[in-house]
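Order as written gives the chain letters A, B and C; numbering starts at 1 within each chain.
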C-alpha cells in the first residue's frame, strides 16, 4: 500500500499531474462543501422573471426557471462525482476479482471467464446501457450507478489478469508457494498489492470515462432523473435557451470538460509514476 | 610494439542527489599495444564497463566524460571527435561486443542482414560482395553451414552461435581494437571455451588488440597478456598476467584470489573479503579499499597513487613503499 | 557404491516432459527436460547437480518440491512418498523441504519488509505465537550474518549478496531438513559468492541440513558438495564423491566439462577439450547415448548410437558410458 502512496506523490510532482490533482480537489471540495454555502439549487424564486446573466448574487447567472446556475453546477458535481466514484469502485472491484481468479487459477476457470469477457467486450457498453435505460423509465440513482459499474469491469479484468500472469512467475510468488502458502494467501498477500498500481491508474482514468458517460446519458434523458441535478441534464435543459441564456449550458458543460480533463491528467501522471522502476 | 590506444586520466561523472556529481570512473589510465590482450578485471560497480563505453563515447546520459580526460587512438584524440568523424571510428577502428548476445542482435533481421549492415556502414561495395564477405566472416568465427546460417534469425541460434555472430559483426569493419565486455558471462562453460578460442585465433591472425573486460580470473589467466585490476573507479593494480598470478600485491587482488573457488589444488575454506563494494556516492576517503583491508594502517588515510612494486608492476597502495 | 543406509531424500526414475502447444499441438514432440533421473541425498549431506543450460537440473529441483508436477517417477522424503501427498499433507511437507532461488532480485516481494518476508513461513505454518515472531526473525537475521535492524527495511535497500542471505533466512525460518539450492550464487560477484558459500556450509554443520545444490560451476560445487551428479540432456551421466569425480572422471562429458573450466593459474594448462557442435534439442534427443553426437571417446562406435548406456560403477564413480573404463583423462601439463 505504501507504494500506491509513493505513486500518488510522484504523480503530484509531475506538473501536468499536479494540475489535474488540484482541479480534482477543487471540484471535490466544492461538491462537498458548496451546497451548504450556496442557495438551494431547486429554488425557483422568480419563475416568471426569466433568466439572469452572470452578475452579483449569481456568479453563473440563473436559468430559465430562475434557478441559480452555480448552485446547480455544484450540486451536480456532487452527483456526478458520486456516480463516478461508486461506479468505478464497483467496476474495479469486480474487474480485480475476476482478473485475479482468472489469472491465478488458470485452466478452465480462466478460459470460461475470459470468454465471457470477450463476449461482453464485443458489445458496445453504451448500446447495452441505452437498451436497458430506454425501457426502464425513471431509473433510481443507485440502480444507475450499479448498471454503469456492472458494465465497466471487463477491460479492467483483462488488465489485472495480465498483471497476475506476469507476477505469477516472479520469484517471490514461487517462494511463497514453496513455503506452503494457500492460494488465498498468495492472492491477497503477494498478487493483489502488486497489481494495485495499474489498477489505480485504470480506475482514475475510468472516473473521467464515467463522468462523460453519465453526462451523456443524462443529456439523453436516460441517466440521472430530474429533479436531481446533473451536469448532463443541465445541458439538456439549456437547449431551449441556448441563444438567450447561453450561460445555463456553458457552465455545466465547462464543468464536465474540466473534471474529465483533470481526471485524465492525473491518471496519466499516475501511469507514468507506476511504471515498474525500483524493483 | 606500437601503442594503438592510450587512455589518460579518464573520469566519468553522473549527477547525484542535491546537485552533486559522483565519479564511477575516477582517474583511469592505461595503454594498449598492437596485438596484445589487456584484461580489465573487477567486480560489479568498479567502473570497468563504463570505461569501455567511454572509448566510443557511448557513455549513457546523464553521464558525461569529464574534461581533462584523454583518449588517444593512434594519433587521434577520440574525445574531440564528433559527428561523422566519430562514427567512422565506431566499429571501424574500435569494435565492440557485449555481454548478452540476445539483446545485442535485432530479432527481426536475419543474421546475414545484420553482418552486411555492419560491412556496408564502413565500406563501399555492392551488396552481393558484402554478402560474400559476410559468409567468409561466419566461416572465420567457426560457424558450421555458414551459407544456411546467413538466412537464420537470431532466435534460431544458440547462445554460443549468437555470440559468434556478434564477433563476426564486430570484425566486419576490420577494427584495430576489439573491446569485449564480458563476452562469455552469459554462456555455458563449454561454449565459453569455444568463444575464447575464436577470439584468440582472430587476434593472432589479424593482429588486433583486445580489451577484455571480465570478472573471471580464470579467463584472465588463460587469455590475457596484461591485467589491470579495478576497484571503486580506479585501477589499483597493473602488470603482466604472469606477474599478477605469481605475485598479487594489492590487498584487494589478494582478497580476490583467496575468494575464488578452484578446481585443482588443495581444498581450502574460501576467505571472502569482508564488507561490501562501496557505491560511487560513498567512495571512502583516502585509500578506497581501506574499510575492507586487513592490512590498512595509518598512511591509508591518504589516497595512494600508483606505486611500483617490481619492474612493470604497479599498485595503488602505500605498502609498495615497504618493498 | 554402497547406497546410504537411510537417505533423507530418494528419487527414482524421475521424468518431467513439457508439452508445447495446446489443443492442436499434439504433434509437437515434448521437451524431455528430465528423462529418468535417480539419486539419493543423505542427512547432513550435499549432493550437487551440475550441468549446462538445458540439462534439466533446475527442473529436477522444482519437480522434487512439486512446484511443478512430475510426468512420472517417485520421490520420497524421510520415507514419505512426496508425489502421493494431498494438498494439506503437501503443505506440511513444504515446511521440511525448502528452496533458495537463483535471482536475489526477484525472489523477494518488493512491497514487503524483510522481516515480513522472513516471518511469512512462520505465520503460514503457525510455528510461533505472534508475540515471539520479531524475536525469531531477529535471530534468523543474525544467523545469516545480517543485522537485526534490517527487519524493517525493504529489499531494494540491499545488495544481491544480502538479499540472498535474506532468502536463506526465510527458508530457515520454518526449520527445514532439506534445502534445494537452485544456483544460489551464480548471480553474485566473486567475493560475495564466497561469503554465501561459507554461510551455507556453516549452516549445514550447525543445523544438520541436507542440500541439493544445483549449479553449473564445478569449482563452486567443489567447495560445498560431498557428491556430484553431472547431468546432460535430462539424464545423469556420472555421479560420485566430489574428489573422485574431479580427479578421475569416467564420462567423456565430465572430462570435457572439467577441461573447459578456466583455471586461475597461468602456470598450469590443462589440455583443453573443446566440444564440437551444439547441444541437441531436448525435444529431439539423439538415439542411444545422448552424448554420442559430440563425444570424442576413441572407442565410440555403433553401440553408442543405438544403445542407451546405464549408470554403472567404474573406478570410484557411477558413469553412463559403454567404454567408461578407457575414457581419456585430461593431461595436466606444466607450462614453465
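As a convention for this text, a contact is a pair of C-beta atoms (placed from the backbone, for glycine too) under 8 Å apart; a residue touches a chain by one contact, two chains touch by 3 or more.
Model, not experiment: these values are computed from the prediction.
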Item checked: Maximum centroid distance from chain B, chain identifier (CA atoms) -> A
Checklist line | Highest C-beta pair count, chain pair | finding: B-C
Notebook entry, point to check: Where the CA atoms of chain A average out and where those of chain C average out, how many Å apart are those spots?
Noted result: 52
Item checked: Separation of chain A from chain B, taking each centre as the mean of its C-alpha atoms, in whole Å -> 54
Checklist line | Rounded Å distance between chain B and chain C, as computed from the means of their C-alpha atoms | finding: 32
Next item on the list: Report the residues of chain C in contact with chain B in the complex, numbered from low to high.
Entry: 52-53, 159, 161-162, 189-195, 197-198, 201, 216-220, 222-223, 243, 246, 256-269, 272, 274-275, 277-279, 332
Checklist line | Interfacial residue positions of chain B with respect to chain C in the complex | finding: 43-44, 144, 158-161, 188-194, 196-197, 215-222, 241-242, 245-246, 255-257, 259-265, 267, 269-273, 276-277
Margin query: Please output the residues of chain A touching chain C within their complex, sorted ascending.
Written below: 2-3, 170-172, 174-182, 185, 189-190, 193-194, 278-279
Note to self: List the residues on chain C that touch chain A in their complex, please.
What the structure shows: 65, 67, 90-95, 98-99, 101, 103, 105-112, 117, 120-121, 124-125, 156, 167, 170, 174
